[in-house]
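Quick notes on the structure that follows.
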């Protein structure tokens, strides 16, 4: 008898988490579905299917320019964030000093500040420097979010690395940079791949800071999507969203293959 | 009344059969050890007794009651875990009082009882400590007190001593035995350590590959193992394989790997040409130096008609193991080992020619499938 | 004698580090990030605070070189702005409570799952986390609209007689915001949960605790650090929510992020925008301290555990 009560509890538990699972993924599925809608509104399920909104996307120079802008911002952020994140994590792992304990909280802090406040702050600052609406301003802003993720991924990668290998390399007379390139790098490259992917995805998807820092010429895809949504709900936004979701899915699969999804998931928190 | 009765208990996890058709009775007040290598299903069997695992089929009785469908928190069993599973965010006292709290006992009452239990395991004075500050042996005692505090019908111990070093483990073995005698409860103790099982158990149940192979008193399972697995698992022994060349009443002659015949007890149905494996336990063999040089080259079996048997060979190595000396003897390319007490005055060195002798009736004989050949 | 060109480059790269002590070396390695945080984070915030003390100006975003606390007085006295701040906090508290409860549940389910199921559950939070806010917000419009999917379902099973008004209003904003912050909260809790020994739960059940009871008695105190982080993240981001209120909210209920954006980009009143931002940062900082103090009492404190 009591076992039946337990089974009932188990069933309720299962229904609960399956419901959350569906609610988490269904909206993204709907976005993809509406991108194939034949009509001009965002109805789900769509009445008829077509790829007309995909043709519309590829015919629109404004969207294509936004696509280029996103690419520039994404690659720039990846380079900046990966470089700073790796060097800092390596420095911290090689020697834990006074600066290490100050660095970590400062690096986390931007993640806790609402993006609107960050946007306002950086807009004020970059205007002062004459960098308003430049690619550089967007890249630096996105690096504020991407670097901590690279930093934490690389920190845990370096922690798992067998440092005796480094000592062995040093012992054989290689200088530390050569040891890094020839001994450490081959062992941590999947970690670097994952963090670079994360940095790129963060930049590609971020829009509040970009909204403040870009103009008509430099706006990224999420910013343009947002601006066109404010006017009307057009399925072309679903097309763009489908691309963005696709990039994340592919990036996530690559990252999961390079390490595993649990590792990626834990580093994101 | 707190005897345990398992009837045809099976448990599978997906495609893996962890436990297959185990039937076992544990008597009231008995200390039964479930012994076996890791992955043999002993822990799963215990977890089914505790209710932490639901059997795929079969029935669990505790006392008169069928508890198969009772979840763990409804059963009057209590388990001591391998890693002790002490709640890190509670004090030692709160850990011990936890089960009483769950049973709705008043605060003062459960504190008193918990203190009493801690005193019993010599952990008084540690009431307000955090379990994370304790040593392995101390954690062990607290875990024991926590389980005893709820006054369970059955105490289940899941390899609780395996994380302790040898000395501490032996100390705890004695203490567990004392506690068992004092509390008069049914204990089921799971272990992969034979010494631990022999020290503690009233009876031992030996498991292998999900099945219960043999149950019996320690000396019974040791002297009369049911099959080759039990013989191998319970202690170090020499297995020698061969083919039966001749039968002579209750004895047969086995042509062995070391190219000499030895006399072994056989069953009436044993035919010539069958393959058999015999176990020559080191403690059943005597070692003696051969001074007669004419005997040197001969590895001949000596059948002197009075049930004795033996071979001769050269001592290859000698290892001092504290209370005993182990000699590895080379016999025609095969090795046998034998033990000699340190008090034994006969000096035997590497390179000496020796004779190994035994009583033929001490030899255990197994078929190729591992079953015993009995007369 | 041939020289590997790669080798010489690497040797030259090392030269500035040559002869430095270990701590110096690691400081050099950390310096790009330290410099970056200083120039792109610390200095901009000092500038933000400085501008919030400037006089408002008609033609320019702010009057340079002036000093006044007028904007703060305005922020703290205006009923409109007080309402906006209050609404932000209301939104933050509701969304945080919902998020954390759901996140604990889902993290627990993921912890207990194994194999493909576990990967699927993790995927279901990581993918939305890596999807732009824009999508995560606007997708709720067709879902929650009066003629949208949710209403069609509710009408079909006769749970409601007439379509529910879910957007644009606070209900929709909360749904959208919970959807946005849930993945972060769930992962923060999950990563702490994975360090908990399942045997502790078994021990509690074995000692007579029911499932719910063993969760509250054993698991909850252990994952309190994760819950605290989840609460802080959910709260900070929900108070500062921008996209969900902008797209799913009614115009009358405005959180501060929308107000700041309007003052900044539409009215060009930078002193007000920056003063409001500073006030919100201070209030949020104080709230986060309170959250830590309150939640810290439950986890890890041995004396309060019984």
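Residue numbering begins at 1 within each chain, and the chains themselves are lettered A, B and C in the order written.
The rule we apply is simple: a contact is a pair of C-beta atoms (placed from the backbone, for glycine too) under 8 Å apart; a residue touches a chain by one contact, two chains touch by 3 or more.
Being a predicted model, the structure only gives us computed values, none of them experimental.
**Q** Which two chains meet at the most C-beta pairs?
**A** Chains A-C share more contact pairs than any other pair.
**Q** Of all the other chains, whose mean CA position lies farthest from chain C?
**A** In terms of C-alpha centroids, the chain at the greatest distance from chain C is B.
**Q** Please report how many Å separate the Cα centroid of chain A from that of chain C, as a whole number.
**A** 15
**Q** State, to the nearest whole Å, the distance from the C-alpha centre of chain B to the C-alpha centre of chain C.
**A** Roughly 56 Å, centre to centre.
**Q** Scan chain B for residues touching two or more other chains and write them down.
**A** Correct list: 71, 74.
**Q** Counting only residues that touch at least 2 other chains, which ones in chain A make the list?
**A** 6
**Q** Residue numbers of chain C touching chain B in their complex, please.
**A** 197, 199-200, 202-210, 213-214, 217-218, 221-222, 299-303, 305-306
**Q** Quick one: which bits of chain B touch chain C in the complex? Just the residue numbers, please.
**A** 50-52, 71-74, 77-79, 81-83, 85-91, 94, 97-99, 101-103, 130, 146-147, 150
**Q** If you look only at chain A, which of its residues touch chain C in the complex?
**A** 6, 9, 13, 16-17, 20-21, 23-25, 27-28, 30-31, 34, 42-44, 80, 83-85, 87-88, 90-92, 94-95, 97, 99-100, 103, 106-107, 109-117, 120-125, 127-128, 140-141, 143-144, 147, 151, 175-178, 181, 198, 201-202, 204-208, 212, 222, 225-226, 229-230, 233, 237, 241, 244-245, 248-249, 251-252, 256, 261-262, 264-266, 268-269
**Q** Which residues of chain C touch chain A in the complex?
**A** 6-7, 10-11, 13-14, 17-18, 22-23, 25-30, 32-34, 36-37, 40-45, 47-48, 51, 61, 102, 105-106, 109-110, 118-136, 138-143, 148-149, 179, 182-184, 187-188, 190-191, 194, 211, 229, 232-233, 236-237, 239-243, 246-247, 257, 260-261, 264-265, 270, 273-274, 277, 280-281, 284, 288
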